[in-house]
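Below, chain A partners chain B and then partners chain C, in two separate complexes.
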Partner chain A sequence: MKTTPTEHYHQQFTVVRSELPGLSTPWFDQLRKDALNRFSEKGFPQRKAEDWKYTNLSVLTDHNYVTKTDQIGKINDGEINSIAGEIDAEISLVLINGRFSKLLGNLTSENFRLENLATLVSREPETIREYLAESAETLTAFESLNTAFMADGVYLHVNRDAKISKPIQILHVTTSQDDHVHYNTRNLFIFGENSEVRIIERFLSLDSIPGYLNNTVSQVILKDGAKAEYIKLQDEDPQSFHLSVHRVHLNRDSRFSAHSFSLGGLLSRNDVRVDFLGENASCNLNGLFLVDGERQADNYTTTEHRVPRCQSSEQYKGILNDQGKGVFRGKIKVHQDAQKSDARLNNSNLLLSEKAEVDTMPQLEIYADDVKCSHGSGSGQLDTEQLFYLTSRGIDHAVAHALLVFGFASSVLERIESESLKGFFKNLLISRLSANREIKELVQ
Partner chain B sequence: MESQEHLDSIVDREYQHGFVTEIESDTIPPGLNEDTIRAISAKKNEPEFMLEWRLKAYRNWLKMIEPKWSNVKYPPIDLQEITYYSAPKTAGDAPKSLDEVDPLLLDTYNRLGIPLEEQKMLAGIAVDAVFDSVSVATTFKEKLSEYGVIFCSFSEAVKNHPDLVKKYLGTVVPYGDNYFAGLNSAVFSDGSFVYVPKGVRCPMELSSYFRINSSKTGQFERTLIIAEEGSYVSYLEGCTAPMRDENQLHAAVVELIAMDNAEIKYSTIQNWYPGDKNGKGGIYNFVTKRGKAAGKNSKISWTQVETGSAITWKYPSVILKGDNSIGEFYSVALTANHQQADTGTKMIHLGRNTKSTIISKGISAGKGQNTYRGLVRIGNKAEGARNYSQCDSLLMGDRCGAHTFPYIEVKNNNAKVEHEASTSRIGEDQLFFCKQRGLSEEEAISLIVNGFCKEIFNVLPMEFAVEAQKLLDISLEDSVG
Partner chain C sequence: MLKINNLKVSVGDQQILNGLDLKVNPGEVHAIMGPNGSGKSTLANVLAGRDNYTVTEGSVQYLGKDLLEMAPEVRSREGLFMAFQYPVEIPGVSNIYLLKSALNAKRKHQGLDELDAVDFLSLVKEKLDLVQMDRSFLNRPVNEGFSGGEKKRNEILQMAVLEPKLSILDETDSGLDIDALQIVTQGINTLKSETRSIILVTHYQRILDYITPDFVHVLADGKIVKSGDRSLAYEVDEKGYGWIKN
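After this line comes the complex of A and B, so read on.
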């Protein structure tokens, strides 16, 4: 008889518990146990659950994922270094198969502290206690599993008033060689008062075999006046699964700008939850997803305006090919006392094939009256008149097509503040388009 | 603050149409079981097929559970407390002229400002008035029958046109569709039936006023409109109800079917008792309305002005099955005091080149909660489908809420779907502009609100547009403190 998920993960927990960090810290061990129990109580979301109605969860829940505690796969150090070198970073932290591998770059900066979570948990767990304890209110089964099984991750603390001009890079490389392994990473980003920082987090696969699951949870805290730009690139194996949750807390006068690029994965899901906790904070959420084959990308965002005078704007775009599927749910909630809130949300999707599908839910929930809120959504195909215009000027049809697709996506690129990162993503995007050589010439 | 007083007086406005007509009712004791259904069917002398359908619906309904997903809150409804049949007692059979109608009933209509005689003379509208559950007067029947249009109460249709009823009943809203539609299918008391034959343009607007009167009487109306090939019909429905303290459940079902090149226009003004300013009492309006644009080039258009009811929960929808068919939804929903509304539409695009338009305007005042919830689904065969949706909300007061939950599902790349929504309040600058030009604050608010709703009023039939504007004005009338 097949074991139920609950039985399976309890068994797994017994097996791997001693290999996971924090066993000797009672509160940390308890945190894991509580999370596991919460998972047992709730189980995986039901097919009809509102947050999963457009996602076929069974591809995820039909398998019982296992935790691997030993690092497997041949890692070519030179290759890793050259990948990391694609970004001109202040410092890069590399995780391989969900475990810390190495740090590259400026290791002596006094502006920030960057460490892997496992080390921190074993050496000075109290440093992160308040943040992890806060996250005990787990919302989904996958977050519970993450807490129960978190093996490693990133701890980044940027000091007060620190201004770091080059981006800090977090590189997650998966080289899985086993069936149905899950990697649970946990990140803690804490940006001190009036600090300014830029983060790029990349997920990619090297020679991995299909079917692994990357399940990551990140907490992002911006203290008063902090400014952060955060870019996430998910470019994993097209047969892999990727689930990520970001919980973002914005304090007074802070400014958070996030850009999410979902290019890989058979099923990927980004869940971003932003809480405004201090007045006059602002948040920009941008996203771009590309799906083809039978791949699916989900983006769920929740923006909670809890205090007055905050501003949020959000733009997500999707490009869908073949039988690709995209789901977008953007929820803006303006609480009763959050007067003078300004919230805008937009989602547009480009359907390039007959069998592509997109499901969109831009939602507003408003309990205050002195607010400006709007949302918009549009889905369709390329404008035939624009295509005609370009071809009538001697541009090959395929090139014109790709050029328009690039044009559609470029508004998301344009919102990246760092010029060097903008250039990186521009090239990356072009390389994924058909007729990319011609495009490159045209747009450079 | 001056404008605070405005809002207070909006919140404090009393329901204007509240009174009870004392007429003896022929009532079945409260409770719901198979015997109730048999009793209803027997009272109405229904043919066997109707009773069987009701019982099938009831048995299926027993397996269903009350849905909880809406954004409205209400105490549990005890369905065993409700009286499922209550007919005004009239001597003998249905009256043939107004003289035979109970004078008390006529007086009720007069006080509501819709005297039958006047409407007959001035407006040229045939009124099939449903007082409680049984149709008491039908006018203009003869003129309509010249054109072959059938416009009668549902009970009459069951008796006189059983084949049509049998053929179409439940084809758009099956009895297993949802909890409240299932309940309606089992116990529906009466309603309207319209059949427009091939090629006929119905010579007048058809109108039916529903009133809820007898205390504790749930209203389970059922309307079925069939427009044959190339025909056209415009149907108006308007509601006000006497003041009541207890919540009353209204679970109606409306089914529309439009064949090739046919058009149905369905307009509603809903002004049932919303409860007092503390949120006590008021009608629960849980309605299933759906149209099937079955034929090529067919068109179904829903227009609604929702100002009443403690809770409004309905989604007039269109299934766009025929190629080139068109679906429209125009809505104004006002919630004040403790009113709650969760309303919107579903546009299901199945045929090629189908088009739909959704314009929804929500106004929230006091502690009112107004939710737009809508679905636009483009099926994979709906080549060239097109949808435009716009949902705007106006907030008046800092304790009300406006929510928008659209669902957009696109499975065809040839389709073009657009959705826009905005939320705002009446701007200080707008008010200042109007007042500076000599308008009182009350007039200014009325002007702005009417302007906000103009797109909807424009598509209402003339008589209704006037009534709707009046209704909003009345709602805002006492707003100057």
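After this line comes the complex of A and C, so read on.
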């Protein structure tokens, strides 16, 4: 008889527990066990659940994923350095197959502390106890599995008043291992009072690796007056799976600006949950997803306006080709006390083929009366008038097509505050367009 | 330059052009006037190669070649240019991308090297002055948020950069105030030469005060019903189109 998921993950836990960090810390070990039990109680979400209705869950639940405990496979160090070097970063932390590999760059800054989570858990677990304890009420089976099996990740604490102009880079590289391995990484980002920082987190695959699952959970805490720009790039193997949850806590006067680029993966899903905890904070969530073949990208966001005078604005765009599929569910909830909230939300999608499909659900729930809120969505094909206009100027049809696709995506790029990162993403996006050589020459 | 012979065009089930003949020689300026619905814009769009127009009969020779066989981009590279009546807005695609891409496509077609950034910018700057547009226009998305006058000036800027042999100006004067009309027509006049031809499609004779036509044609029900010199335009202006039809 086939092993049930519950049996499988309990067996896995018994096998790998001693290889995971924190065994000697009772509360940490208990945290894992509790999470595993919660997973057993709740099981995987059912497809009829509202949040999973449009996602093909079976690809995630039919396989019994395993945790690899042996050392990282063979890595070409030069290749890793050259990938990291694509970003002009203050410092880069590299994780390979879900485990810490190395740090590159300015290692002696007094402005922040950057460490891998496993080291911190074994040396001074109390530093992170309050943050991990806070997330005990996990919402999905995948978050429970993440807590039960987290092997490593990133701890970044930016000191109060610190201003770090170059981005801090976190590089997750996956390389050849067996099929159906899952990597459970956990990040903790804590931005001190009035600090200013920029983070870029990249998920990449080095070889073609069928069927692995990156299951990552990040907690992001902005203290009073902190300003953070956070960019996530998921550009993994087209056969891989990617699940990611971000829980963002915004305190008074803080400003969070996030940009998410979902370019790879057979199925990727981002859940971003933002809580406004202090007044006068603001949050911008931007995203771009690109799917082709039979790939799918899902983006779910929930913004909770719990306190007055906060501002949120959100724009996600999707470009869908072949039989690609996209899901966007953006939810804004304005609680009763959150007067003077200003919330805007928009999703627009470009369908480049007849068979591409997108489900878009902007949602507003408003319980306060003095607020400004708007939401909208639209999906359509390339505008034939625009195409004719460009070709009537002598521009090749394929180039005109690519220019319009680039033009559609460019508003997401324009929102990136860092000029150097904007340039990086512009080039990356162009490299994915059909007439990329011509377009690249044009927009330089 | 251009020879249209018995051109019949329909849109859907409706025939719009009913056997139109027109010959344009190098260096000539032809004005095509006519009331709404007479087929003026259809003629301009068919020449530029827009979809949705079906040529049911007749031929169009352009520089000795069959124009109707050419894709819109090829027509442009061969030196044909249409200034749109309603230039479309293209968010996210800046003017400079369009100009660079269009000019390089044409140069490539002619077997010339692409212009380098410096030469390109100095060329464009000169053309910007011609239509009194600020350099900042280059980095703005094509026509996005432009006023009516700015859109039309932008059309003339593209025309000036591409230096077409045959320009078709589709109601370029419509919606322009007198200052904008002066700038636009001045730009067009600068581009006139003995080897370049212009077809001005217009409802009113006003623009002909600024650009002197060699010939004026009146279009009604999809055919040219009267041709003459400039004085015909004044007559139309005075008496209306009903006079000719009857």
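In the analysis below, the second predicted complex is superposed on the first by the 441 of 444 C-alpha atoms of A that agree within 3 Å, B and C clash if a C-alpha of one lies under 4 Å from a C-alpha of the other, contacts with A are read in each partner's own complex, and residues count from 1 in each chain.
Assume contacts are C-beta pairs under 8 Å (C-beta built on N, C-alpha and C of every residue); 3 or more make two chains touch, one makes a residue touch a chain.
Everything numeric in this text was worked out from a predicted model, so none of it was measured.
Student: Once the structures are superposed on A, label A:Q11 by its partner contacts, choosing first (chain B), second (chain C), both or neither.
Tutor: After superposing on A, A:Q11 lies clear of both chain B and chain C.
Student: Just to be sure I read the superposition right, which of the two partners does A:S24 touch: chain B = first, chain C = second, or both, or neither?
Tutor: It touches nothing on chain B or chain C.
Student: Looking at the overlay, does A:S377 come into contact with chain B only (first), chain C only (second), both, or neither?
Tutor: So A:S377 only meets chain B here.
Student: Classify the contacts of A:E50 with the two partner chains as first (chain B alone), second (chain C alone), both, or neither.
Tutor: The first partner, chain B, only.
Student: Looking at A:E385 after the superposition, I want to know if it touches chain B, chain C, both of them or none. Which is it: first, second, both, neither?
Tutor: second
Student: According to the stated criteria, A:G394 is in contact with first (chain B), second (chain C), both, or neither; which is it?
Tutor: second
Student: In the superposed arrangement, does A:S410 touch chain B (first), chain C (second), both or neither?
Tutor: So A:S410 only meets chain C here.
Student: Quick one: is A:K355 in contact with chain B, with chain C, with both, or with neither? Answer first, second, both or neither.
Tutor: first
Student: Check the contacts made with chain A and report whether chain B or chain C touches more of its residues.
Tutor: Tallying touched residues of chain A, the top partner is B.
Student: Quick one: which bits of chain A touch chain B in the complex? Just the residue numbers, please.
Tutor: 50, 54, 320, 336, 339, 349, 351-381
Student: So in the complex, the part of chain A that touches chain C is made up of which residues?
Tutor: Contact set of chain A toward chain C: 383-386, 388-397, 399-400, 403-404, 406-411, 438, 442-443.
Student: Name, in rising order, each residue of chain B that touches chain A in their complex.
Tutor: 69, 380, 393, 395-425
Student: Please output the residues of chain C touching chain A within their complex, sorted ascending.
Tutor: 48-51, 71-73, 75-77, 82, 84, 87-88, 90-93, 97-98, 100-102, 105-106, 109, 141-142, 158, 162
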